[in-house]
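Here come two complexes built around chain A, the first alongside chain B, the second alongside chain C.
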Partner chain A sequence: MQIYGSWGKLLSVDLSAGKTSEERIHPITYRMFVGGRGLATYILWRELGKKWGSVDPLGPENMLTILTGPLTGYYPGIKLVVSGKSPQSGGVVGSAISSHVAYSIKTAGYDGIIVRGASRDPVYIYVRDDLVEIRDASKLWGLKGLELTKSLRSELGRDAPSLYIGPAGENLVRTAAVMARWFHAAGYGGYGAVMGSKKLKAIVVEGSGPLPPVARRDEFLKLRYEVIDKVAARSTFRVWGTTSGLWRVGHDTSSEPIRNWVEEWHNREEFSHVAIEKKYWIKNPWADWGCPLACMKVSKAVVDGVTYYTDGPDYEMGAYLGSNLGLFEVDKVIALSALADDLGLCGIQTGNTMGFAVELYERGLITREDVGYELKWGDFYCLKRLMEDIAYRRGFGGVLAEGTYRAAVEVAKRRNLPSEEVLKYAVQVKGIGVGAHGIRSRKDYPQPIAYAASVQGGDHTSVAGLPADSEESEISSAFLDSAVVCSFTSVEEETVLKFLNAVTGWGVTKEELYRTIGLRILSLQRILLLLGGPDVRWDPRVHDDNPLRFYEPLPSGPYTNSVVSRDEVLNSIAEYYKQLGWDSYGIPTEETLRKLGLYDAVDVVKTLRRELGVS
Partner chain B sequence: MFCIYFLGNLAASLGSTLCFEVSECRDVLAFLEELLRSRGELLSVDELLATLPDGRPLPPKATTCDIGEIRVLRLLKGG
Partner chain C sequence: MWPSASRITIYEYYPGAPIPHYCIQCPDYPCVSACPTKALSVDQLTGAVLVDPSLCTLCLKCVEACPGKVPKTTRGKSHVLICDLCFGDPACVRECSRVGYNALKTVKKPSNTGIKHYAKPPELVAEEFGRKIYM
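Showing the complex of A and B:
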């Protein structure tokens, strides 16, 4: 059976056995799950689904999937999706990252890399077309991002595309990211810790072959130019990047986390893209392979004689390592962002946990005796120390290294308090800190169920919304992450579908995307999320909800007193689930599963219902 | 007459169609941004996808005199 856009094979690496092999994927599987997030979900379901609840995300049984999609290399922009059982949510998170590795994987003749087992000693995987080696990384273990990339360059004699982890991943920090090219991060999900648990420091891929064949070349080329035209017209993005969000989200739409989300509005012009550009940007624009948008900007700041470089800071880093920590001094925000990059921490998840810790300190729920020093909003020095303590699991940093949800449970335990008394300050959904886009003003993320009903919890790049068969639905994100298309270079769905069909030769319609393919991926992700385990289990009646902070009225700014109504949230979730063909608990019905061809999920779901007491 | 067809969340907050009598030729994207801001939607045009009704891109420097209708979708989420 001819396949277009993909090779139909993955590189399989078993680190326990020290062996590598090729793994064929049937063309029908691609047609059913597309690639990227969808294919990862299918593979994880197929291999681990029946025992999901007992699989330790940081144990050798878990898998690390690094997958491209059929549009990788063809569609403008370059991404891949990292996945596995998430050490944060216990479900499957499709964590997208920009990286030349995506293109290299395809030109090496694979659609992705699946890593199973765990090595006893530090290793890295080296791929150069047909040559695949598991190499000793004992000299690389312990290195931070910048040191590591220099060492790899020295060892290989050139810059080669790579994914890697920093010390945070090695130390199994649940907010550790898989990194690429200094500043890029697959942060959501905590897959840096999964790499660390496998003693896998890096994956280097050099491909020199062609991309797979395309079904309808002329149509593909026409569409490619059409998409480039549309994307290139986004001049604000090209000029300002996502840094512009620090003013648009923080000021205009009042949706930026400030001091652990107590507020979502600021009026600080010094904390805007205009001010940052003038003083800190040294390279603009900057882009990865094949991207016509070029939204990256390299910034440089010197703090206490130390020079720091980072991207932007892009909006999420600026918000979570700046305003969310009460820090509005841009040079110091750049320093924290650069430090997070270098340590291999997800700035969103770690900034979420750090803001939570400072609030707990302020409220007396943790003290100087716990932390070893004082925590204060906007104090760069204590925040820097706290970030390093998390990355190296030093002292109380070891508690926070478990991420906001688990840290809250642990603090409550230490204080002999009910968990709810500490969790009410945790701005997370199902173990995943909420991205830097609030829902209270309704001017940035207008859907109140964006996070509460997402299969990726607080992930701001995969939010739920009504109607379920529109681009507001999470199916839309699942599709982009499966195809794999960068959300910043995506255009309207009709065109992306035409693009997909021109490359693959498929005839996917919008109806099929929403009623079958996307719903199939989302349904499997939802089942695996609810199966969870081994240390966390989500109850839809409790955890399909917003963080309590989002039910507090906004205290400042143009949308003062704006608040989300819990009744509206619950009613909207019920309607969303109904439209998806799920029951009132968000569990896909037997009829839906059979319609989607997920026959082997029927019995699993029956057991799940029994365990939740909702059968 | 210049008409804007909104899709998704924008349609929910602004209505699915807005039409205007335009007395002067205005840059389409500048007109759109001004309109959105006046209606309380504080979005940059770069977060939107404005196309011709059939999905084709707008011609460069298109004005409200060149084009009678556009379709607008809020495309980018996050950042």
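Showing the complex of A and C:
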């Protein structure tokens, strides 16, 4: 069977056995799951689904999947999706990252890399076309991002696209990211820790062949320019990147996390893209391979004689390592962002946990005795120290290295409190810290159910929304992450579908996308999320909900007193599940599963219902 | 599409300092004189170095002779790859202009020999960048 846009082949690496091989993926599997997040979910379901609850995300049984999609390399913007069983949610998170490894994998002749098992000693994987080696990384272990990039370059004698982890991943910090090109992170999911648990420091891929053939070349070329022209016209992104969000979201829509989300509004002009551009940007625009958008900007700041470089800070980093920590001095926010990059931490998840910790300190739920020093809003020195303590699991950093949810449970235990008493300050959903876009002002893009009903918890790049068969629905993100298309370079769905069909020759309709392909991916992700384990188990009646803070009225700004109500949220979730063909608990019905061809999920779901006591 | 067959390679030793690496057409064309099989010649109209795939033996004497180490090889191509300026209408310039970056443009070849200063291996250019911006 001829296949277009993909090779139908993955590179499989078993680190326990020290062996590599090729793995065929049937063209029909691509038609059913597309690639990227969808294919990862299928592979994880097929291989680990039966024992999902007992699989330790940080044990050798877990898999690390690095997958491209049929549009990788063709559609402007260059992303791949990192996945596996998430050490944060216990489900499957499709964690997208912009990386040159994406096109390298394809030009080396594969659609992705699957890593199984774990090595005893530090290693890195080197791929050059057919040559695949598991190499010693004992000299690279312990290195931070900047040093590692240099060492890899001198070891290889040239620049080569790579994914890697910093010390945070090595130390199994649950908020550790898989990194690329200094500042890029696959943060959601915590897959840096999965790489660390496999003693895998880096994956280097050099591909020298062409991309796989496309089905309809002329149509593809026409569409490619259509997309390039549209994306190149997005001047706000080109000129300001997402940094403009620090003003647009923080001031205009009033939905930016400030001091662990106590507030969502600020009017500090010094904390805006305009102020940042003048003082800190040394390269704008900055982009990855083939990207016509260039949302990135390289910034440089000197704090106490130390020079720091980072991207932006882009909106999420500025919000989570700035305002959420009460820090509005841009040079110091750049320093924290650069430090997170270098340590290999997800800035969103780690910033979420740090803000949570400062609030607990303020409330006396943790003290100087626990932490070893004082925690204060906006105090760069204690925040920097706290971030390093998390990355190296030093002292109380070891508790916070478990991420906001698990740290809350642990603090409650130490204080002899019911866990709800601490969890009420944890702004997370199902183990995943909520991205920097609030719902209370109702002026930003996420709907009130965006996180509560998401299969990726607090992930702001995969939000639920009504109606379920529109671009508001999480199916839309699942599709983009499977195809794999960057959400910033994606255009209207009709054109993206045409693009997919020109490359693959499939003929996928909007109806098929929402009623079959996307729903299939989302349903499997939902089942695996509810299976969870081994240390967390989500109950839809309890955990399909917002963090309690989102039910407190906004205390300041143009939308003071604006709030969402739990009744409204629960009603909308019920409607969303109904439209998806899931029951009131968000469990896909037997009829839905059969319609989607997920016959082997029928029994699993029966057991799940019984375990939840809802059969 | 075939990224590694592109006649331009972009290196980046420091964040935000991309180094485009390609043939600058030295006035004395050391690669052409170094080629033992006469596979390389100069396009009279554009000044670009042309490669005759049937004559190239991939001996890489041209790479040795090139002050910038520019000619490249890739799997699936049985000859070296050198920028031929797309016969006067370079695809890279078209693409760069289309997305509005306007970082590349076509210029008339300067008659002086100073142009040769631009033929440098990327690591040397990176070093200069590094000294100016990153130290």
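Operating definition for what follows: the second predicted complex is superposed on the first by the 614 of 615 C-alpha atoms of A that agree within 3 Å, B and C clash if a C-alpha of one lies under 4 Å from a C-alpha of the other, contacts with A are read in each partner's own complex, and residues count from 1 in each chain.
Simple rule for what comes next: a contact is a pair of C-beta atoms (placed from the backbone, for glycine too) under 8 Å apart; a residue touches a chain by one contact, two chains touch by 3 or more.
Remember, predicted model here, so these are calculated numbers, not experimental data.
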> Is A:437 contacted by the first partner chain B, the second partner chain C, both or neither?
Replying inline: first
>> If we overlay the two complexes on their shared chain A, which of chain B and chain C does A:298 touch? Say first, second, both or neither.
In response: second
>> Once chain A of both complexes is superposed, is A:95 in touch with chain B (first), chain C (second), both, or neither?
In response: neither
> Touch check for A:229: first (chain B), second (chain C), both, or neither?
Replying inline: both
> Looking at the overlay, does A:461 come into contact with chain B only (first), chain C only (second), both, or neither?
Replying inline: first
> Between chain B (first) and chain C (second), which does A:162 come into contact with in this model arrangement: first, second, both, or neither?
Replying inline: neither
>> Under the stated touch criterion, which partner chain does A:210 make contact with: chain B (first), chain C (second), both, or neither?
In response: second
> If you stack the two complexes on chain A, which partner ends up touching A:248: first (chain B), second (chain C), both, or neither?
Replying inline: first
>> In the overlaid three-chain picture, which partner chain does A:103 touch, first (chain B) or second (chain C), both, or neither?
In response: second
> Which parts of chain A are in contact with chain B and also with chain C?
Replying inline: 229
> Taking the complex as given, what residues does chain C use to touch chain A?
Replying inline: 1-5, 11-13, 15-17, 74-76, 98-101, 133-134
> Can you list the residues on chain A that touch chain B in the complex?
Replying inline: 226, 229-230, 233-237, 242, 244-245, 248-249, 252-253, 314-316, 435, 437, 443, 445-447, 460-461, 463, 465, 470-472, 487-488, 490-492, 494-495
>> Help me check something: in the complex, which residues belonging to chain A touch chain C?
In response: 73-74, 103, 107, 129, 153, 159, 181-183, 207-211, 225, 228-229, 232, 238, 282-283, 285-286, 289, 292, 294, 298, 307, 309, 311
> Taking the complex as given, what residues does chain B use to touch chain A?
Replying inline: 7-9, 12-13, 40-46, 49, 51, 55-58, 73, 75-79
